[in-house]
Amino acid sequence: MIKYSVILGNVGQCSDRYMTGGYGRSFELEELFERVASIKGVTGVELIGKWHLSDKTVGKIKDLLKQYALEPVAIIPDHFGTQIWSKGAFTNPDANIRREAVLETNRMCELARELGCSLISIWNGQDGYDYPLQADYIKAHKWLSEGLAQCCADNPDMRIALEYKPKEPRNHSFLANVWTALTIIGESGMPNMGITIDVGHSLEAYEDVSEAICAAMSRGRMYHFHMNDNWRLWDDDLIAGSVHTVEYIEMFYWLKKLGYSGYISTDQYPYREESRDAVEQTVLWMQAFERLVEKIDDTRMQEILDANDAVKSTAYIRELLLEG
Amino acid sequence: MIKYSVILGNVGQCSDRYMTGGYGRSFELEELFERVASIKGVTGVELIGKWHLSDKTVGKIKDLLKQYALEPVAIIPDHFGTQIWSKGAFTNPDANIRREAVLETNRMCELARELGCSLISIWNGQDGYDYPLQADYIKAHKWLSEGLAQCCADNPDMRIALEYKPKEPRNHSFLANVWTALTIIGESGMPNMGITIDVGHSLEAYEDVSEAICAAMSRGRMYHFHMNDNWRLWDDDLIAGSVHTVEYIEMFYWLKKLGYSGYISTDQYPYREESRDAVEQTVLWMQAFERLVEKIDDTRMQEILDANDAVKSTAYIRELLLEG
Amino acid sequence: MIKYSVILGNVGQCSDRYMTGGYGRSFELEELFERVASIKGVTGVELIGKWHLSDKTVGKIKDLLKQYALEPVAIIPDHFGTQIWSKGAFTNPDANIRREAVLETNRMCELARELGCSLISIWNGQDGYDYPLQADYIKAHKWLSEGLAQCCADNPDMRIALEYKPKEPRNHSFLANVWTALTIIGESGMPNMGITIDVGHSLEAYEDVSEAICAAMSRGRMYHFHMNDNWRLWDDDLIAGSVHTVEYIEMFYWLKKLGYSGYISTDQYPYREESRDAVEQTVLWMQAFERLVEKIDDTRMQEILDANDAVKSTAYIRELLLEG
Amino acid sequence: MIKYSVILGNVGQCSDRYMTGGYGRSFELEELFERVASIKGVTGVELIGKWHLSDKTVGKIKDLLKQYALEPVAIIPDHFGTQIWSKGAFTNPDANIRREAVLETNRMCELARELGCSLISIWNGQDGYDYPLQADYIKAHKWLSEGLAQCCADNPDMRIALEYKPKEPRNHSFLANVWTALTIIGESGMPNMGITIDVGHSLEAYEDVSEAICAAMSRGRMYHFHMNDNWRLWDDDLIAGSVHTVEYIEMFYWLKKLGYSGYISTDQYPYREESRDAVEQTVLWMQAFERLVEKIDDTRMQEILDANDAVKSTAYIRELLLEG
């Protein structure tokens, strides 16, 4: 049974490098919670460090979580939005900043405990490079692996999920795809290191998202899931289901088959839409896909997969979708 | 009312640069016709020069068209599959070969007349370049425009449609996207020069296919339509509807709204599938999309478009598709 | 003889959707001019409306231009960075905003005249769409063409250059590539409508930039040129020459051959670099390419192009570059 | 000290899905050897199973290797060019074919021993899928890992290198990038399983090739290297150095720094070029890059990398390349 949550900022305001002052208006913390709570079917919220969660706000957030009966699903430490991380967090050329990346994670683990949350989702947005011949790849990957392992070792009670992405804000990210994450996890030996799959990051990496889900879940490492859509070449962070259909059906088929029981968080940037409504659409599409997948006959689908039969597969999908 | 046709070779055998001997078995001309005719809803066939249509086969093809009650929808002259065109047809560095490209088109117009077909679809597959600093772009574009205009001038009774594509088999094609075609058409002044939109080529060019349809139809230049699907980065020539859904709904919405009354031909490469069955699936998906689009309330959809409202648009699509 | 200029903001501060407060520190207008002037070989500056150029700043800018002996090369009106344009400027669903897009252009023409500048470079950043079935493509393209033509008609003394780009900030831009611009120009009949080619936008559109240069220059429509580099899939706005080499040599070869005598402006986003130094590198690379191209034997190169000989071409480039 | 070799078919004839009969003429085995041997600086040859190497030809090939003093660098078993592999080799839905994939590898190991070659490069070209909801990803990846491990276990005297590629001929390959290979290698525990990096496959996977080299070499798993160039979005298999420059300099810098001492094989498809000459150009570019890299001051470059300084890095490259 899948549960739905929202990254708090998703129902707020977005900006980009041209509209630096933001599209639409900004929202207060209370408003953001109210907006999330107003979306039917959502029972959790995901928080980003510094942007929303800090020593100063943790008390208020605890109250708001209780007030709106929302579960704190995951915490994303800030490793990407403060100037100190400009040239990387875990892979910064400065050893002090690399150390600070671990400490910031540990501080967020502390706040997570206070909120009753046991999942940390690390996104290494600034850990990468922009130019050829800019980075020492060997040192950087060593630092990345060591830093992430340190976070896991320091917080054995927490599950630490790595959210890979091929690029942006750096032109190349070190943690580029599901296999990079699995290599780091395998070599670390850490039992509490896992993966956050973000649909848009996975599409951008030319993965079939379901193959990534299978790679992570078959190794017991799929800790979390971020949902959005795009045009396949960039992390457009659109309403899930607004562009693609068949691949979502495939995802929900595999999540069900493999027994995914965690949360799915929306992760969108609704620059020009009423952001609460855009997030609501994602939830409605996901619920619709879940219902559709309930109709799939497991034996029939497994026979199709075992025969590798694309003709029968697309015929079955069409039957479910358009001839139901 | 849309009519469906099949490019004859689609129900035959495919090869690629590794499986040079072909996937599956090859088929005789009669078998190919029989296979096309066996697909319900298909009333036309499209023929490729040299591969199937030539002086020698034209009589037999005339008979087969009659026998299977199939309309000859369009002829694609061979400008890409014979060694003479290796370095280009209309843009070949050799003036004799450039002239031959026009003559070959004219010969195909002759055969088309014999079959009672008035649409020629030119695909400039070999007109392009593979390397930087290989082509004189100014000469090449001049040759391309002049040669295509000559074909139109020589055959005023035929409609000549240009099928653009950004790349493959050349790494860069001169006729790359719908706007290149419109520029050539506009500058030529020819009343019988139009466009064949191929879904896969359009997706590969990062076009929204419906925008390309609107660009061509609003200028009265959309002569023909080729249908297939892909993963957006390459002309994978898959079963239409096997990967994308929403964009097909959008396409059929615009085709209906703008009154497209021509044929849609499948254009697939079913390397590993039973090719007849793979083509049949495309026809079934297209008919299903056509039916779905019938349910769209024109006023409601126009209001959504006029308000540019992505939230309402995706909600409406979901309603039609999954909550119908 | 090519002249070099800098878009004023390039030597300032950048932000993105994650680092919303900006990388590095911000700079005052005077500092920006001083930084531009400190780059050897730069004789011009390009200004963006609202960000730098307005009724209030025009006097001071006039003084600064004189003080630093910089030519005002081009003005880019703001059609992308103020909330009013969130859903488009020339293609906004609201007719008043569409009108405002023309008026804003006219106001910038007024300020340009005051500065002694006769080139307006329009970048339709917000004119596009994010989702399928969001836009009425026919209306939008009509509005775009009419609005741009109106700007040209209202300002016959100015040259108005269109800067195409396939995407960003919208997921799809209406003015996507060089051929879209040429179609609009051709259909408008306006003698003072031309094109700004931006290297990064062109690469992102899977154009060979030199083919785009030839398309625009052979029609007398290449008014301006923006210089940067990227990894070919996104407008990374890097130091020109930092990633690609051969294609720049090709560009400078064609600019020389076709007698381009305008300015080239840098257009970069040096998020994590000392921005003045990053811009200086672009200028140094361009000057180095210019010098290299001086060594090309025109007869030999034309023979290579006429023979379409990729082997001889790459051998010649290597000789020039590495065996000189 | 890098040694250069050529995949034998590179100097022969190419075909594609349109030009099924091939561009240019075909060549006999003897001619191919003669053509390879005529390229200065080439001391080895790489052979593909069935296309060139088989029980019947092994004797003749042994003679030709001796006659032309060429080393047998690596054998690529045929897992992609015979109809039996149409739906996969190691991941074929049919268990008998999966077994045959291992047996075919073992047979090639036998022939390799006969030739005095100890490197097998496996390319899983047909191991993948074309459609969503076609493959059982969990079974397929299990089969792939088990089959490849079996090959290593059966042939402990051979080094078995996996050549990853994101797509083509399948629309999605199971062994997609360097990290997929490293995950499989790590989980297999096999000491003789490594990686063949193909520049074009790596670029197509949006890797910086040097990062992939570092990932493989720092783990002692880079067994082999294939050289070509492309436009970054597809495996165009062009002359190396014809499109990109800086990234090759970076590659040769890291190969030298990390002490790569193996062979580099050309892997091209010179469809329209005199194929021997196109291959020769690749060798000449590589030798030129090798010479350039000799001039790099290790201390200065390491300081740049340690400071992550893109400005100094591109300035140094320009100095080496254009101001030398």
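To keep things simple, chains are lettered A, B, C and D as they appear, and every chain counts its residues starting from 1.
By our rule, contacts are C-beta pairs under 8 Å (C-beta built on N, C-alpha and C of every residue); 3 or more make two chains touch, one makes a residue touch a chain.
Note that the structure is predicted; figures quoted are calculated from it, not measured.
The minimum number of touch steps linking chain B to chain D comes to 1.
Among the other chains, A has the CA centre that is most remote from the centre of chain B. When the C-beta pairs in contact are tallied for A-D and for C-D, the bigger tally goes to A-D. Note: centroid distance chain C to chain D, computed from Cα atoms, is 39 Å.
With centres set at the average Cα position, the gap from chain A to chain D is 34 Å. Shared interface positions of chain C, defined as residues touching 2 or more other chains, are 87, 130-132, 167, 172, 206, 231, 233, 239, 242-243, 246-247, 272, 310, 313-314, 317. Residues 14-24, 80-83, 86-87, 125, 130-132, 167-169, 171-172, 230-231, 233-234, 236, 238-239, 242-243, 269, 271-272 of chain A touch chain C in their complex. The touching residues of chain A, counted against chain D in their complex, run 87-88, 93, 129-138, 141, 166-167, 172, 174, 176-177, 179-180, 182-183, 186-187, 205-208, 210-211, 214-215, 218, 246-247, 249-250, 253-254, 301-302, 304-310, 313-314, 317. Chain A makes touch with chain B in their complex at residues 206, 231-233, 239, 241-247, 272-274, 277-278, 281, 284-285, 288-289, 291-292, 310-311, 313-315, 317-318, 321-323.
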